[in-house]
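What follows is a pair of complexes built around chain A, which joins chain B in one and chain C in the other.
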Partner chain A sequence: AKLIFTISLLLGTTITISSNHWIMAWAGLEINTLAILPMISKSHHPRAIEAATKYFLTQATASALVLFSSMTNAWYTGQWDITQLTHPTSCLILTSAIAMKLGLVPFHFWFPEVLQGSPLITGLLLSTMMKFPPITLLFMTSPSLNSTLLTWMALLSAALGGWMGLNQTQVRKILAFSSISHLGWMAIIITYNPKLTLLNFYLYALMTATVFLTLNSIKASKLSVLMTTWTKIPPLSATLLLTLLSLAGLPPLTGFLPKWLIIQELTKQNMAVAATMISLLSLLSLFFYLRLAYCATITL
Partner chain B sequence: MALSVVLLNGASFHGGCCRHKVLLSLLGPLLSNSKLYSSYRRPGAEPKKKLSWQNADFSFKKSIDHLKTQLSLLKKETQDYLGGPRAHALSQHLLEQTRVLWQFRSQEDLNKWVISSDVEIGGKSEVYIKLGRNNQAALLYGTLNTEAPRDGETKYSGYCSMRSRPAVGSFNRKKYYDWSNFNTLYLRVRGDGRPWMVNIYTDPYFSHQKDDLYSYFMFTRGGPYWEEIKIPFSKFFFSSRGRVQDNQHPVWLDKASVLTLGFTIGDKVNGPFQLEIDFIGLLNDRAHREEFAYETYDKN
Partner chain C sequence: MMKFVLFLGLCFALGGLAVASNPSPYYGVVGLVVASIAGCGWLVSLGVSFVSLVLVMVYLGGMLVVFVYSVSLAADPYPEAWVDWGVIGYGVGMGLVVMVGFAMGGAFDVLVDGGTVNSAGLSSVRLDFSGVAVFYSWGAGLLLVGGWGLLLTLFVVLELVRGLSRGAIRAV
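And now, the complex of A and B:
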């Protein structure tokens, strides 16, 4: 049964990223949502069912809004092409719909609890594969998106992702907040240089996959279990340290590259204030990454 | 729905000659002034108290004081958030193996608990709580009476219970506990040999889950000596509305939100009972390796 869900996920993602018509994109998003729901609620624990319900409600609303925005655009411009989404109202509705899909502030409330209620591998899929189609849609419509709104959402995401991740002791929630702040970085640059968004996403997906798979192999779901990593697989704890620092964006690790290029691009676009603010706000997330790395490797 | 039934009846009469009957049947709900819910009161149940909106006190000064208290609580919560999870440093969270949740040293500790008995369904048991000698413990005492109330539908009776009030933060928001570091409940009690049932109620997300409870038994010795009872969380079984369910799952402690702990006595023996509780705490028993005591049936 798991094979069906995994193949449906791949199908949904492929349909969305290769589509030219809004209906195809929407169909792919819906297939993704429906396919991952049984994977979230696999254990039938009330917490898992709660996570699945929250996920379903938010994603269904967001898909409906995507369809609505494409419909209003089709009403005004007469065509359903994804790259030709030109009407400002449609762009606004689409931005909020994709923000809901991704978990950008102020539509981020579902994300930590959904990740907490799902198993680790499903959490990995939620953080990486399920983010890919919405980012693709933003990429395709990026010329006509409202940059002020996206900048505000990005700054708030970086702020809230950093701030709320500070006192978490459950590792999955920490990864959820890290995801939210990384999405902030991705969203801030999409109207200026969408390729940087994709670069950021690919590197983030790689690093997050590493972290999730590491946590899965040591079966850690809370911070206190992370502290015993060194007894189980010592080299893994060293690589976990490097991966977490890379997620935090510290040079000379890979995670610094997208941040550097984004700051450079923002400065070129006369948005130095936004660049400064988002860099300062990532210091908050650096704090909890460092704490995770500290617990896992250096230990108390 | 009743209104629609009345309207349908009225519509069916309309073709005939009984027009004044139609008028009466349509105006019936308006004329009778009945409440929209049943006013049946179980025999022995206390008469309906004043509704909460009738208790509203529109005093401006009191509301300003209330607002000031809540704002100061909020300020304290923000300062605690900066300190670490639950206002202590992270190292304490990672290293702690015991935690005292409730201890009974003063009247305000007693006010955190609510006692109830089968008087609410019409029975005759009595239960009281007071501070024990030298303010060192809480004494829960009373008389159990298994005589069923004569209302034609109740077959069994005779229970008394004590439940903790859910903790609320500033502005009456729910406080979430993180008990994931611990795996055992630790109670220091002095009973009288009667068996008690310990219940854990987690705040439900869905209204279907509002009756579900995790329970286990506590057998007291009755001697003049205090005993320390350890109940692992893996032993708690899941029941809903009093019926033990087939699908069992362990109680998740990570977001032990608004958890209320309760003690119930209902062992079908008429007579007095007494339980002294010194404190209730949590323990991380490293020797206890069991994850869950009951078989979970995996649905594919």
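And now, the complex of A and C:
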């Protein structure tokens, strides 16, 4: 049965990414949602079951909204092409649907609890592979999207992702808030230069996969356990430090590259205020990355 | 005729409301039946009678029957009917949402423009029949995707409720 779920995850992602008809995109999203549910609830712990329920309800609502937006667009323009989403109401509904799928503020409430209730590898899949189809849909419809709405959601995501991650001791919740904050960076630039969104996503997926896999090998789920990493695999704690600083976006590490390019593009589009605000709000997430790095590398 | 279509739409929304106001499943299923019958009537008014019959057969004859059997096995000693306070609260709240939806959809001022989906210009075959035929011939890819999705749903549900005596699908 696990094979069917893994194949379905790959199938669903591939269907959505390679689609040009809204029905195929929706079918892929639904297959992804269904396939990951048993992976979230594998331990049958009440917290895992609750996480699976929350995930299913929010993602099903978002899929329904995707269908509504595509149908409204088909009603008014007579075609179902994803790149030709021209009706403004459809773009609005689609933006909120994708925000719900990704976990952008104000639709982020499910994300920390779902990540906390799932095993670490499933959490990795939730943060990287499940984000890929919605971002692809945003990429394909990016010329028609409303930049004001996306900028507001992005700034609020960076703010809330940073602020709410500060008081966490559970690593999976910290990673959820880091994901929300990175999604803010991805969303702010999508209407101006969608390729930067994709670059940001690829690099974020790589770095986050590293962190999740590291945490999985040392079986750490909270900060106190993270403090004993140096006894288990000392080089791993060193690389974890570098990866966390890269996630925070510190030069000269790779994580700085998307931030730099995004700030440059925003400034060229006369959005210097937004660029400044999102950079300052990323300082909040820098604090909890530093705290994670400190806990991982301190030798007691 | 227009008024009847609007009445069917009202029944659909009220059926949905009956389910969403969180009574016990025994009473919620009545709302589902009303909503699905109204949805079928709506489809017939649009002209696609075949799809409407398929909906009735699969939804009421298949899914709802299985649902009723499984719900009757999980006995609830004090089921929440529609006159309990929690249900009334939900009902009022969502009734408000439904009214706002109707007002914004223009149901109170402007009548619905009746349209059908007969493809008089394309061929002599009606769209819903030919749609199913295309689904099995040129649209084989989508058929495979849909079939895989259904198979996946089966496995997901089996996995979610496996070992119910040990674990929790509903931790009380």
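Everything below uses one rule, namely that the second predicted complex is superposed on the first by the 298 of 300 C-alpha atoms of A that agree within 3 Å, B and C clash if a C-alpha of one lies under 4 Å from a C-alpha of the other, contacts with A are read in each partner's own complex, and residues count from 1 in each chain.
We take it that a contact is a pair of C-beta atoms (placed from the backbone, for glycine too) under 8 Å apart; a residue touches a chain by one contact, two chains touch by 3 or more.
The model shown is predicted, which means the values in this text are computed figures rather than measured ones.
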If we overlay the two complexes on their shared chain A, which of chain B and chain C does A:Thr169 touch? Say first, second, both or neither. first
Touched partner set for A:Ala1, first chain B, second chain C, both or neither: both
When the two structures are overlaid on chain A, which partner does A:Met24 contact: first (chain B), second (chain C), both, or neither? second
Touch check for A:His45: first (chain B), second (chain C), both, or neither? both
Once the shared chain is lined up, is A:Leu34 touching chain B (first), chain C (second), both, or neither of them? second
Intersection of chain A interface sets (partners chain B, chain C): 1, 43-46, 49-50
Complex contacts: residues of chain A adjacent to chain C: 1, 4-5, 8, 11, 15, 23-24, 27, 30-31, 34-35, 37-38, 41, 43-46, 49-50, 52
Seen from chain A, its contact residues with chain B in the complex are 1, 43-47, 49-50, 53, 116, 166-170, 221-224, 227, 291, 295, 300
The answer for chain B against chain A in the complex is residues 81, 84-85, 90-91, 93-95, 178, 180-181, 202, 204-206, 209, 212, 247, 249, 252, 254-255, 299-300
Within the complex, chain A is touched by chain C residues 142, 145-146, 148-149, 151-153, 155-156, 158-160, 163, 166-171
